[in-house]
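Structure, as structure tokens:
All chains are identified by letter, namely A, B, C and D, in their written order; residue positions are counted from 1 within each chain.
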Amino acid sequence: MARIDAENWEPKILAFCCNWCTYTGADLAGLNRMKYPDNIRIVRVPCSGRVNPQFILRGFQKGYDGVLVCGCHPGDCHYTSGNYFTRRRFLLMKRLLEYAGIETGRFQARWISGAEAAKFRDTVLKVTEEIRALGPNHRMKEADDHE
Amino acid sequence: MKYSYFPGCGMEATGIEYAKSLAFVNRAIGVEFIEIDDWNCCGATAGHSTSHELGMALPARNLALSEQQRPGMPIVVPCASCYSRMKYALQAAQGSENEKLSRLIGMPVSGAAEIVSIMEAYSDPVAAEAIKAAIKKPLDGLKVACYYGCLYTRPPKVTGMENCEDPQAMDELVRLTGAACVDWAFKTECCGAGHHVDLPAESKPLLYKIYKNARANGAQAIITACPMCMMNLDMRQGAVNMAYGEDFDLPVYFLTELLAVAMGAGFGECGVATHFHPAKKLLQNLINNKEVV
Amino acid sequence: MARTGVIICHCGSNIASVVDVERVALAAGQMPGVTYAATNKYTCSISGQDMIKQAIAEHELDRLVIASCTPRMHETTFRKMLTKTSINPYMLEIANIREQCSWVHTDKEKATEKAIDLVHMAVAKVLKDQPLFTSSIPVHKKCLVVGGGIAGIQAALDVAEAGYEVTLVEREPSIGGKMVMLDKTFPTLDCSACISTPKMAEAGAHPNIRLMTSCEISAVTGYIGNFQVTIRQKPRYVNHDTCTGCGLCEEKCPTKVTNLFDQSLSKRKAIYKLFPQAVPAKPVIDSEHCTMLKSGKCGLCSKLCPLGCINFEDQEDFITETFGAIVLATGYDLIDWAKAYPEYGGGKYANVISGLQFERLVNASGPTEGHIQRPGDGAEPKTVVIVKCVGSRDPAKAKAYCSRACCMYAAKHAHQILEKIEGSKVYVFYIDVRTPGKGYEEFYDKTRADGAVYIRGRVSKIYEEGGKLICKGEDTLIGKQVAVEADMVVLETAMEPAHGSTETAATAGVSADKDGWLTEAHPKLRPVETQTAGVYLCGTAQGPKDIPDTVAQASAAAAKVLGLLAKDELETSPMISVVDAPKCSGCGFCEQVCPVKAISMVDVPSMYNGKRVTRTVAQVNSGLCSGCGACSAACRTGCIDLLGFTNKQILEEVDALWQE
Amino acid sequence: MSDVQNTLRDRVRSLLAEGKISCFIGWGPTRFKDRTIPKFANKPEDAGELVYNEHCLSNLAKYALDFQFSAEVAGIAVRGCESRAINRLIADGRLTRSKLYLVGIPCEGMLENGSTAEKCAFCRHRNPVVYDELIGEPVAEQENPPRFEQVLELESASSEDRYDFWQREFAKCIRCYACRNACPACNCMECYTEQYRTGWQGKQANTLENSVFGFTRAYHIGDRCIECGECERVCPMGIPLMKLNRKLVKDVESLFGSEESGLSDDASHALGCYDKEDLEEFM
């Protein structure tokens, strides 16, 4: 992966999407030929409840400028309760990351159903813009640390 | 047992008998009601139908005064209308309207004190025990219908009345006197007091039905704990009789009057002598007959 | 050293018009572990698949990345294809470069870069893929049906007819449930007993059905295809193997007891058959009331029984059996309206009755032989008030929901009164009239044409005065208060889940909603399945409904059961959680977050500081695990991991773009 | 305090002599007057060597893990902090209550370098919350010590300042894992940091890896931390770890209404359950 110089910097965003809702919603956005920025890289997981908060730290550490966790709306989890646990974990993790000095907005979570293609597009648009505004992430990042 | 006391406007006017008998009972059972200093109108009827804020601020001020003067002491309210307003204000003070209320009345109000009716105050186990002990002239043989009316019972979310469709608190107190309580269907129906002046045609049937059902179930008298109900049921019985060609003879007593008489109070002393519908004879006969026997 | 093959699909022009697929293939060829990278016009086609198979053979590939459409589209296709090659079907990762790349981006340069990233992530993940093998669990070809009402009977018959063994468990001494109490059924007015008792008899005599009455399930373990169920047989005190059901005992028994089957409108004996057509047609002893069992005096039945069937020493018994499928048909009860509605007299007026009491009154085999008589004095009521929604649609007093059947049976009751009592008047108080069903609206219309007066409003109070029941309410259509003087009042009360049904369901791993109705897996798409695979629902256990819907749902549940029992073995997904037991601390966090109770804490022998010890660790039941991975995200050590989505694999995906 | 020490010695002596316990974990003397170390009394005559004074800084609870597979009952001195630690370890499946004999000691706070120890300053449970017998009289609890004062202070700093603060602190870390080893909530059989195959994080002691470790550890114990302050006390580099842990404790309490950890041996903890009505900020 080529390092990109500061002028041509484009944010890179990592997204964990649950297979049953958000990943399906992202597929539907494609099916409907909706357009959104190409900054996002999706990791498919069976359930948002699969996402260990340590993955988020890892994302920042490796060089992503923003991390997004997406799952089914509360009450709609394919596995009944997964996203309720997700909600608790990330309410806490979000606050911890901010306390650690990661800027607000670099980590976000959203509930997007399999039918909400437009919401998926809008979320990607909004999150990309917010992270673009924050600029490249240097905090908790490996490459910077080695310099 | 001490209570902070909010008498309300009725106790020295139409409800004077209520006040007299209450004082007698309290003396007999060692309960003390300490009047809130500088209390004002409870905000009923004219108040709360004019504006929500007025209807809340007036009772809230009384709450705040009591909290200041006797922190933590439960507030006893003998009138059903006052009771209802004070309960509304209490709930508002405990909830999101607290700040607004404090601003309106210009003093803090916490809503920490409990609001109790006479029935609730006397149902306290200690008080009930004292009442039982103070009964000197048991009224057994008397059959009465306990009439709760609307404002003590409804809405249950505000009043907190248990079993609001078939309340029992007054029945249980009345039974302490030895009198029997009939099972009847109009315990909590509206008596129409609020509208008897402007809508007599609508209100009369309400009274009529209450009398009718009480009599049909064998009651000799009606017991109430509300000055408005008392006035309405007592004063207008003759008019109802006239309008319907009936001959209802149902003396109406305040709960406290019945208790006082059973505790040996004189009829004048406790107010029974000054009712519109003659109320003395029924109790006198009952007591005399027993004394003869 | 891994030998990964990467195939980049053109998908005609769907991908290739935006993504430079050749450049992606070129880049993929440079990625670590990749042996072969190529593009294909239509990878999912037969020729595309042949090309992959050939490449696998030619380049001795041991894993595969396909960059194409979403895995939700063709992951299964490609896995199936791999079963015909040397590669394990789970050594496959799909990079979604169509739905999540070429279709949503327009800048070709950037879309191509993103596609390369996505392939890179897939390659990183596939390098950590392990061969996985589906295992199979045998299916025990036997079905348990819990509840012997019409739902349970129908489900049992359907399954039995298809040739599978069924055990039908009913806690009462006879099957039949509520339907057999009813007189007629709307809208056709065919006699309920005439259509339900033949079904009962058929179930009772069916060679594939084992009836277990006076029984309850007390424990369920295991999983789909293999449930071990413990059934508690309550003591009956009558040996049903020898009893012929002659009825002598019942006739002579001196103890009279309130008959609950007749809704307390009659008496029965302490040794009794639930009702005349009971199946099995044999009596049981009511231990609560039998004087012999209570005080050791009497024993008349025992002396009279010609076959010596009476056994006062009978004890409860526990039977454990294995079933492949479970159907819960636990039914409903009516609410205790007397508690909720003191304004209706709270039960003190004998002539204020429930709809089910009315059914018994009007039923030819009921206590009055079908003559509608007031329970209070036996007089024939001339004016009857019917009150609907007593407890339904009334969150302040009882239930917020609609009980669905009452509108129709209220109309039926009105019709029956008007038909049976000459010159009678019927007033029906209602909130709405809901008649969605074949012939339902027509029936309601007919009832009104017959003379039933419908008053839109709730009844606020019922009281007795002068021998009449005064029903006060509001006619909301004219905005006036009304009072009807009635001889009898019928309250059409709300349904609620049968007492104990939520506990029974919980035993089988099925949850209930806030009202206690059992929860289906999906309200639209999986209406008779539950979150626990192999356990199905039907009838009013799932929610209020009428007989046609109940029977339809019972057959639906039976179809699901048959679909399961028709298989000899079930293939289980290998993408489930596994525990690295030596590292497990036994904290139980995973057990707390598992939605399907697949994790249990078990004691295992272990070594600690050179000593043999017993430790508690987590264990995954592969039959139950649904592969959500909640446990894995909860585990602090990382010793419980989800195959196919392991911690390592996800970390590699995250790292992929930044590897040198 | 000498009374407590004498009673403790007497009780331990007889407990050991009666065979009620096979070992007792308490504190023992060092050659410094103001230092103590954990002491294991195995025989009745060892009891005389037990010490209890205002210098008993160590939280003993984790030493009980040495006896987790022992057939006999181990005795242990428990103050508020030890008792909550014991509850934590039982809840996490690492100890069995019936294998422990808890001798409770109400505590008025320990001294460190002549003044109240930092770990005791915000203590809300000076009296043991569970014990089999109590030595001495219960003491008054501190009323609403400002547990979250330092957290609130850091929260009000800018994001950049917070980042710099923690990077400065974790730059000091030497990855000795003393914090982890002393922590009663860090009780995994094997820490995630040792899972090299999975590679949760690097072994390098650089600022980034150190802070990843610090934040991960804080998250791991976030809903189970008993606030004994032992991690911070044992840190040789003086990293203010409780400032991190209390952030999570504060959030867990305010977000989920959880009670403090270790007040009972109930296994439930905030992240192991949920409420459908939990705060919703991800819509």
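The rule is simple: a residue touches a chain if its C-beta (ideal position, glycine included) is under 8 Å from a C-beta of that chain, and two chains touch if they have at least 3 such contacts.
Small disclaimer: the values here were computed from a predicted structure and weren't measured.
> Suppose every chain is reduced to the average of its Cα atoms; which one is closest to the average of all protein Cα atoms?
Of all chains shown, the one whose C-alpha centre lies nearest the global C-alpha mean is C.
> Express in whole angstrom the distance between the two chain centres, defined as the mean CA positions of chain A and chain B.
65
> Based only on mean CA positions, could you tell me how far chain A sits from chain C in angstrom?
Centre separation, chain A to chain C: 37 Å.
> Taking each chain's centre as the mean position of its Cα atoms, how many Å separate chain B from chain D?
Computed from C-alpha means, the inter-chain centre distance equals 60 Å.
> Whole-Å distance, chain C centre to chain D centre, using C-alpha means?
Each chain reduced to its C-alpha mean, chain C and chain D end up 47 Å apart.
> Spell out, as numbers or ranges, the residues of chain B touching 2 or more other chains.
Expected reply: no residues.
> Multi-chain contacts only, two chains or more: what residues does chain D have there?
Residues 192, 200, 271 of chain D each touch two or more of the other chains.
> For chain C, write out the residues touching at least two other chains, lowest number first.
593, 634, 647, 651
> Looking at the whole structure, which two-chain pairs count as touching?
Once each pair is checked, the touching ones are A-C, A-D, B-C, C-D.
> Which stretch or stretches of chain C touch chain B in the complex?
Touching chain B: residues 341-343, 346, 348, 461, 463-466, 470 of chain C.
> State the interface residues of chain A toward chain C in the complex, per the touch definition above.
1, 12, 14, 19, 23-24, 26-31, 33-36, 38, 41-47, 49-53, 55, 58-59, 62-64, 77-82, 85, 89, 121, 142-143
> Which positions of chain A touch chain D when the two form their complex?
53-54, 57, 61, 74-75, 81, 84-85, 87-93, 95-104, 108-111, 139-142, 145-146
> Which residues of chain D touch chain A once you look at their complex with the stated criterion?
The contact residues of chain D facing chain A are 154-155, 159-167, 192, 200, 206-208, 211-212, 215-216, 218-219, 222-223, 244, 247-248, 251-252, 255-256, 270-271, 274-276, 278-283.
> Would you mind writing out the residues of chain C in touch with chain D in their complex?
Per the stated touch rule, the residues are 582-589, 592-593, 601, 608, 611, 613-616, 634, 636-639, 646-648, 651.
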